[in-house]
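In order of appearance the chains are A, B, C and D, and numbering begins at 1 in each one.
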Amino acid sequence: MKNVFFSILALVAAFPAQAQLQPKKMTPESSEVWSPEPRLVTPGAASAAVSGFTPPSDAIVLFDGRNLDEWESVQGGAAGWNVADNAIITAPGKGGIQTKRDFGDFQLHIEWRSPAEVKGNSQGRGNSGVFMQGLYELQVLDSYNNRTYSNGQAGSIYKQTMPLVNAAKKPGEWQTYDVAYTAPRFNKDGMMLIPPYITVFHNGVLIQNHTAIQGHTDYIGRPTVKPHGRGPLMLQDHGNTTGFRNVWIREL
Amino acid sequence: MKNVFFSILALVAAFPAQAQLQPKKMTPESSEVWSPEPRLVTPGAASAAVSGFTPPSDAIVLFDGRNLDEWESVQGGAAGWNVADNAIITAPGKGGIQTKRDFGDFQLHIEWRSPAEVKGNSQGRGNSGVFMQGLYELQVLDSYNNRTYSNGQAGSIYKQTMPLVNAAKKPGEWQTYDVAYTAPRFNKDGMMLIPPYITVFHNGVLIQNHTAIQGHTDYIGRPTVKPHGRGPLMLQDHGNTTGFRNVWIREL
Amino acid sequence: MKNVFFSILALVAAFPAQAQLQPKKMTPESSEVWSPEPRLVTPGAASAAVSGFTPPSDAIVLFDGRNLDEWESVQGGAAGWNVADNAIITAPGKGGIQTKRDFGDFQLHIEWRSPAEVKGNSQGRGNSGVFMQGLYELQVLDSYNNRTYSNGQAGSIYKQTMPLVNAAKKPGEWQTYDVAYTAPRFNKDGMMLIPPYITVFHNGVLIQNHTAIQGHTDYIGRPTVKPHGRGPLMLQDHGNTTGFRNVWIREL
Amino acid sequence: MKNVFFSILALVAAFPAQAQLQPKKMTPESSEVWSPEPRLVTPGAASAAVSGFTPPSDAIVLFDGRNLDEWESVQGGAAGWNVADNAIITAPGKGGIQTKRDFGDFQLHIEWRSPAEVKGNSQGRGNSGVFMQGLYELQVLDSYNNRTYSNGQAGSIYKQTMPLVNAAKKPGEWQTYDVAYTAPRFNKDGMMLIPPYITVFHNGVLIQNHTAIQGHTDYIGRPTVKPHGRGPLMLQDHGNTTGFRNVWIREL
């Protein structure tokens, strides 16, 4: 890093007094920043059919309605969930599935649907979850007329931070999560120097705004922390037949 | 604040050692948080017609396609812009318009359209702006095949922070901004103790992620800071006939 | 807010194109910001005697070595702790003490000393706590050669976030916490829209860096959230005779 | 990353419903986090002689009063500044000096002294600067009874963010900066996905609290952004004979 870039910078930095003594005439262009030039992305189109936007040009499509090629079983081997009606359907008892790809910082769009026929209540009703980097759970639950603990309802960072509001749709209707996520940064000691931060829109409604995630999702006790690198997107098998579709990620 | 609430809390806080000596049996319910219960919001529906979501149940609709009842001229008096094709159209030379209502922290949805016929270039093409609290500009510009300075293109916090990518649509097409915004907090000295933070999706693509805004938007020089309370949403007249529609805000 | 200030701003904002067409000559002074002028504070002096800095001119001194005039019992009535050797000493069994004043955003300096004679271990050794706004605990513990759970040792946000390192001094030695704290902001629904953030130096070593606090400190289960306004600084009685001295706060 | 760790986690994550059906008895220990164990650091001692704390055990001492072994000229070659009275003294005209080592995230302690004899005014008086990673300037200036622009006085992020208060000491007196700094994170496009954040205590007084830095320090115009990795600590030659001493860094 002791290179020409720094040398030039230092020269500029060391002698601004000269500029101050001999004021340089400036045009308004002097306050413009031209570099870098933001990369072009062709956005998707808003569509009732997909409950949101179709994937933009730089998205990695993780499920387009056809197959589980991008997924595998969390327990190893092929993803044992089902594909029907252009959706991924949980196969209760088969365990979670996760993407073959690993991710760091990303924007995520995912749609999900709780079973139309209501069975059970509280955590037993339409329970699943979307795990950022395989570790941090954004709760999926049928939270329509279904009171449970606030930090366990749909849109909560499970057992951590409740959503700002409950924007749930009815069971059987497609719902969306639009997520901005930055991964944690660990130091050499394994400490989380910068936690993961997450912003979530649920069905177009802001429910998490730059929420600091405390650690990975545990059912009991406090969130714990383990250093990690990139990780997959994981969908939880919690015993209910939840559907997922139109899953895509943009790496930030 | 020296009330029963604190007294009870203090009692609990002062003697946890006892619980430690005589471990209380816990069920997993001990780690649930039930209060407050997130308020119910009926979300809108994704729709191609509105390039995004229709307003959720708790939104304040600032323009529904019909009239400027929610708006006034920044220079005083009635809003002198036009309504046509269910859109608000800039009336160049009439100056900006702003909402009669003032806002603090909010989620904003707004759609805009640059003139279909391309005239001019750089900052001269489809230029307008959406000002949070009347002060902090999210730039509106026809940035389709129209190179300008990066911190001045569509989706920039004008003359401050460039967008992460350029997700512009073609001139004449409706585009969306979905915004999460928290207002600055000033101290008694008039210092910005907590700056405004803004997250923006442009046509469904994340372009600003928890960006700290430095001060209000100035054309020349550095951003400056003045303490303020709630403020209106303001739309800029920059001499181009930009259209706006489907404008709604949810107070956070 | 629809005042002259906004009107002037809007005029400037509406017609910058003119400046662009007729570039104004600028000097480097154009990028200077002169207002507000930071308020003068006479800083304290670094001193071995106080294990840090003496109070700056705008500090509210909460304990200067002499009496408990600024304090009261959490359970009501006068603060029943002792003053000896220019220090506040916990009176085990009397419950916590708290300041009569309430605070919002602040900088805090506080010094504390665990008993020189080591008794007990883990959480039983030199246990106390400093509660921001009476609710959020920065743990005080004799953490010198005293392993306990990481999120319960000195410098942890108790049962939430462990310190980055263990910078503990020996029992019987004075130790310092220098804290930058911003209070949470709640919305009308009672939701924590902006959490408390805390930065802590322990004996001059950074141990918490902009840590988001999740809720108030509970011994069991997850942190819970209740809306509140300003609150006192609270010191915990956990059954050990911890000393405190040189306590001052600067309101931010 | 598709390893045993994730597999175990996924098993736990997939079947928590069982625990819910058969509540496991928990002790308060269930909410303790034991790993990682914070690394031990022996803190320094508060001392009038060093205007703050002596270096903790894990500090990299960049200047201990004797020589410039840790430094080099920004323009290449040996650092041409002087050492006198156990301090580094600017050699006006020789250009800046920077550390041979590069840093990412860090805590910094540095002491500085403006010339006892006052000459000049505003930016001409005791002007120097401390550059994080060689790029982001924390301003050094004699700001005692010396009005200049607020975002250019001592403790400002130069030409960006003014200090919360003016905690300057008199010319000729030693002053301290205690800094917590996290480096920016850039993405593949060269965009600053996470900006640098800086917290600064000036003579023990909080003057910057988690301030987002906008780009590197430019004398004219807006801050610009260029992706970079680790970088040195740099001291500016601005034509005044500023002294520096007791310089140490802890890598976070």
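Note that in this section contacts are C-beta pairs under 8 Å (C-beta built on N, C-alpha and C of every residue); 3 or more make two chains touch, one makes a residue touch a chain.
Computed from a predicted structure; not experimentally measured.
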Going by the touch criterion stated earlier, list every chain that contacts subunit A and also contacts subunit D. B, C
Between copies subunit A and subunit B, what's the superposition rotation on C-alpha atoms, in steps of 5 degrees? 180
For the copies subunit C and subunit D, the interface residues, called same if over half of the numbers are used by both and different if under half, are same
CA centre of subunit C versus CA centre of subunit D: separation in Å? 21
Distance between chain centroids, defined by C-alpha means - subunit A, subunit C (Å): 32
Residues of subunit C that touch at least two other chains are 19-20, 24, 26, 28-33, 35-36, 38-39, 151, 159, 162, 164-165, 182, 187, 189, 191, 193, 209, 219-222, 252
Which residues of subunit C touch subunit D in their complex? 28-29, 31-48, 50-53, 56, 58, 107, 109, 147, 149-153, 155, 159, 162-167, 169, 176, 178, 180, 182, 197, 199, 201-207, 209-210, 219-221, 250, 252
Where on subunit A does subunit C make contact in their complex? 19-20, 23-31, 151, 159-162, 164-165, 187, 189, 191, 193, 195, 209, 212, 214, 222
Residue numbers of subunit C touching subunit B in their complex, please. 1-2, 5-7, 9-14, 16-17, 19-20, 24, 26, 30-33, 35-36, 38-39, 72, 74-76, 95-96, 98, 100, 102, 105, 123-124, 127, 129, 131, 134-135, 137, 182, 185, 187-191, 193-194, 215-226, 228-232, 234, 236-239, 251-252
